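Same chain, two partners: subunit A is paired with subunit B first, then with subunit C.
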Partner chain A sequence: MNVEVLLEEIISFIGIYYILTAGLNVKAGMTGIPDFGHAMFFAVGGIVVGNLSARIAAAAAASQLHVSAWQAVKMVISNNTELMARVNEILPHMPGVSIIIILFSVIAALILGGLLGWLASYPALRLRGDYLAIMLLAASEGTRIFAMYYKPLMGKTPTVGLTVPNAFGFTGNAGLWSTIFILILALLVYIYAERLYHSPSGRLFRAVRDDEASAEAIGKDIAKVRRDAMIIGSALAALAGVAYSFSPWIAGSSVAAISIFDRVLWTFWPWALMILGGMSSNKGAALSSVILGALLIGPIRIYKNDIAAALHVESLGIDPGNFANALEYILVAALIIIVLFVKPKGLIPEYPSRTVSKDEVKATIDKIARERAA
Partner chain B sequence: MDWNLFTSTTIYASVLALLSLGITLIYMTTKVFNFAHPRLSLVAAYAAATLMAYYAEATGAQPNLTPKHSFLGSLTVPFSWEFYAIGILVSMVFGVIAALVEYYAILKPLQKRGADYLMLMIATLAYDFLLVATLFIYNTHVDVRKVLARIGVLSTKMSMASYDVTVVTGGGVFISGSFIFSVILIVLLGLSLYILLFKTTLGVKMRASVENPPLAEVLGINVERVYAISWIISGLTAGLAGYLMLMAAGAGNLKPISATSPADEIVVSAFAGSIIGGVNSVFGSIVGGLLIGYIELYIPNWLAIWTGNAELFKYSKVISMLAVAITLLFAPEGLAGLLKGERWKRFFGKKEEEG
Partner chain C sequence: MAYANQEHEGLQTPQGMEEVILETVNLIKRFGGITALNKVNIKLRKGKITLLIGPNGSGKTTLVNVISGFIKPDGGKVIFKGRDITLLPPHERVKMGLVRTFQIPRPFPNLTVLENVLAAAEGNPGENPYIAGVYKGAWINYERKALEKALSILDWVGLIAKWDDKAGDLSGGQLKLLEIARAIMKGADTIIMDEPAAGVNPRLVTDLFQKIIKLAREQHVTFLIIEHRIGLVAKYMDYAYAMNMGEVIAEGKPDDVLNNPLVLESYLGG
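Moving on to the complex of A and B:
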């Protein structure tokens, strides 16, 4: 396999999983909301790209397809594969539209993901602990089944799904530029998450997680804090969904309900990454994404069949293809169990946040005192 | 009334009731929602199917699908009774083994290290993945395929529904062995749990250990043993659910058995049953599981007839998700909370007081 492609694939993996884990970290790590329905928010990104952005692309390309814009928009669902194949031939010649589609997808995913997070925060305000985990898992499963069979959302067949608009086609090298796009998103999310971690609101998130009663006693609105965390975390998950959908290496050319709602890939893997890195630790989430992306997820997804062949499992009567599939499950399970036993606090445990220095506090107090005196 | 829908729904509801009961028992004693629970059934089903097939091979038995006349009507018994007995026994044994491995190898050591509920939940997930991987490798193994193929069972889409005992009565009513088995099973299970929990010293000890473990320990009750017993019961019921999944694949929302199916689809429904019953009530979980099974299939059926849109049937699982949401948000104590009167207290357990 081409080294460049492998590198792009691994970087895309790292970027997508980091953004996803960072979102989960805000909810579960920092605020203590055990979100077992993270895949639901990730799927929002996929739906935005496959459904909404594809409609924009179709409307823009309509004049060259000799149909009205409205007809093209309707055909995105009714005749997805044929229409999008033709749209994707036209789209590379429209750089402006492509850039609008990318920007629209990012913004729409952030808004819709945040909105869904806000809706899901309603139970998060009333329930605690494991009940909430089950509730969110059930919500995610319910949404998954709805999306699988509701045709206007994800197309006719849940396994085929919707073709993604080739928004990076205009660059000439969609693989490279989508990787750069994912990398930029991941860096922006890292900077944001790091700032959030050290900011007063980040410290408030952790205060609510550790002791709700005390946070309430000093006049903080617990409901608002939990709601904010759900909105931020879910919006980031939807962003990861957009990054995934635009990556020709990871998503391929289409998004299907069956893959974007996958609870193993998009809920349990981020949980494993978060626990490995250290709950609530942003640096830990980044480190574990890099380590696992570079060492495990990427190479194993790509080379699992070669590993199975190299181990000569067929001589034991084991089917190599299924052994390869099982390998991924065994690795994630073993990793989780080892981390829980050996290093339950993770690779980089939660670190103290940078706060304002003593001198600065003193200067501020003096300033306020002077203003009062004046 | 549609008789076939009723029997297949009853089997499905019994499977859910068995799984919900196991989930509740584990939650009451170990304080963790066991995500791996439905997978224990699949392990049991694979073990049972393999050994049943080996038995058929060893005795050279061939499935005999010609109906006989009996006093009930035309009766079909494809294999001898030992064949089914082996299936039931093996599924129970392997259900218990898989459950005890989970408890003693993973959950108990983690609890001793002071893991919180989140870590335990994640650990049950990890165990679930290990079982999936094992089944992936197991069900495509050459020997397993060969032995199952001998009695005409596909190892990655396993179903023994065609070898179920069936009766077609004189009036043309179709009754399957799994239906009768599931009804008897639920009644017996309810009775024996009632006797165990309320009529024996062990039952008193069990209830005491659940209500207040430290106090029970001070009074000389071996809490560890009580926990082990509840894990054994929950493994046993998971195994029986696996046997039903094998013999009645296709009933209700039960798909043929593979490494992932039907556990992946059924897990949320089983949790729904447990939650609707009120997570701290043994009898509530049985009733909750049955209830979820019936509403999951009957409500879409009625809706489909009412609106004339058969597509609605696909959304049947959404109903159990809604049931979970409604229960948790509006009646978090579940059925046990709704039926709190003196008359019911005995069956549904006392409401847990929280400060």
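Moving on to the complex of A and C:
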């Protein structure tokens, strides 16, 4: 396997999953909203790129396709595969349009993801615990089925979906530059999430999670806090969806409702990563994404068939091919069990929100002690 | 800071007719067949410490829950600073200056002691997550002031050495002190304490009440305190109510109420 491609896939996997997990962590880890519908918000990013951004690309390429911009925009749904194949030949020669598409996708995903999070926060204000978890899971599944069969959203064929615009084609090395794009997004999200964590807002999210009645008793508007967490966490999930849609994995092929709403990939995995890293711990989310990305996309994918052969699973009546494909789940499950046995609170357990440094707190304590003595 | 001076001063209990800051009017609350509150009328006067006693199950905590907005009454009104707040959600009552503590302490267990107190700061601009994660300059000055206040309060209640411990690791008595620290941090002018002394060691209890008296006398904070083990400091309380089976059965000077035969009987019968 080509090392450069391998590295690109590892890094973009890590970036996408970190952004996705950081979003879930704001909702579930920090604020205690058990969002089992996280995939729904991730899908918003895929829909933004496959549907909205593709229309911008089609309109920009229309004159070269000898159709009106309006016709081109309509053909994004009615004739997606053929149209986008030709748009993607033209788009690499339009760097300005490509950059606009990338920026538009990021901004639109943040806004629409946040908007959907805001909508989903209404049941989150009334329901708690298991009821809320099941309701959000049901909402995500319902939205997936709707997206599969509502043609204006995800195209005519549920399994094929919509071809994404090849917005990194203009760079001459789409794999490399889309990876750099994802890496930059992930770093920005890390900086933001870490700052949020170490701010009074991060503290407030964690306080509401710990005890709602107690937070009410000190004057906090619980409904507003939960709504903010849903908006921010869901906007980040949609951003991860954009990163995925432009990633080397997709590389200008298509996004379909069945893949971008996948509850295993985009709800279960970020939950697993969040628990592995440490609930509520932003650093933990980053670490577990790095570990899993490096393991899964690297050695496990490369050697899974060898591992299956070495274990002679066929002697147990298990098909080696199936076993190899299930290996990543088996290994992740094993990893979670082992880590949680050794470190029940995850790799990097939740840490205090240091709005001011520990040293500054100590200095202030000394100052108060001196004033009292005086 | 006002909290730093721990000296106890000889205090009088003036019996003037200060302004009524909080009043309940014929409060009724039923749980199934039980009438937990049956037309309860109490008045809190500004800067005074009002005591509420009564045997277990007499409706004291229910009264606190209704006054603070945690449960809605089936009848009657709560008037605070001249406004009918009966239907106001708890956090809006807090914004008006009305704070309660819990009989069973409710800290944020995974937050440190300092975080617990800081979280009580009112109007922190850093609690807007859209700004807080991007621009620290918008809130750091406010936070530094809150930090000084929080640490002074922790010093005052004697929890300063524990500032970086998780609240979940504190003892029951320490948790009571943390509840009080949060209520003071809130800057409330009216504080309702549901059995603040239960589980706190007796030496601390006396100290605690002296601090409460000081807050009332010097900063005109109004208190409603539910407590049986009032002991030595009863003479510093300004007024008392006694409840039994959801009704107020006596009111007046604390010593009189504590020695009222009806009240004594209610405890024995309870």
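Note that in this section the second predicted complex is superposed on the first by the 323 of 374 C-alpha atoms of A that agree within 3 Å, B and C clash if a C-alpha of one lies under 4 Å from a C-alpha of the other, contacts with A are read in each partner's own complex, and residues count from 1 in each chain.
The rule is short, and it goes like this: a residue touches a chain if its C-beta (ideal position, glycine included) is under 8 Å from a C-beta of that chain, and two chains touch if they have at least 3 such contacts.
None of the values given here were measured: they were computed from a predicted structure.
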- Task: Using the touch definition from the top, say if A:R126 reaches subunit B (first), subunit C (second), both or neither.
- Result: first
- Task: Once the structures are superposed on A, label A:R195 by its partner contacts, choosing first (subunit B), second (subunit C), both or neither.
- Result: second
- Using the touch definition from the top, say if A:I90 reaches subunit B (first), subunit C (second), both or neither. neither
- Between subunit B (first) and subunit C (second), which does A:E350 come into contact with in this model arrangement: first, second, both, or neither? second
- Task: Pick one for A:M135: touches subunit B only (first), subunit C only (second), both, or neither.
- Result: first
- Identify the partner contact of A:V255: answer first if only subunit B is touched, second if only subunit C is, both if each is, neither if none is. neither
- Query: For A:T364, is the partner it touches subunit B (first), subunit C (second), both, or none of the two (neither)?
  - Reply: second
- Note on the structure: Interface with subunit A, subunit B side, in the complex: residues 32-33, 106, 109-110, 113, 115, 117-119, 121-123, 125-130, 132-134, 136-137, 139-143, 268, 271-272, 275, 279, 311, 314-315, 317-318, 320-322, 324-325, 328-329, 332
- Note on the structure: Residue positions on subunit C within touch of subunit A in the complex are 1, 4, 68, 70, 89-91, 94-95, 99-102, 106-112, 114-116, 118-122, 124, 126-130, 132-134, 136, 139-140, 143-144, 147-148, 151-152, 155, 160, 163-164, 182, 186
- Query: Which residues, counting only subunit A, touch subunit C once they are in their complex?
  - Reply: 192-193, 195-196, 199-207, 209-211, 213-222, 228-229, 232, 280, 350, 352-353, 355-356, 358, 360-361, 364-365, 368-369, 371-372
- Query: Across the complex, what residues on subunit A touch subunit B?
  - Reply: 28, 34, 36, 123, 126-127, 129-131, 133-135, 137-139, 141-142, 145-146, 148-149, 264, 268, 271-272, 275, 317-319, 321-323, 325-327, 329-330, 332-334, 336-337, 340-341, 344
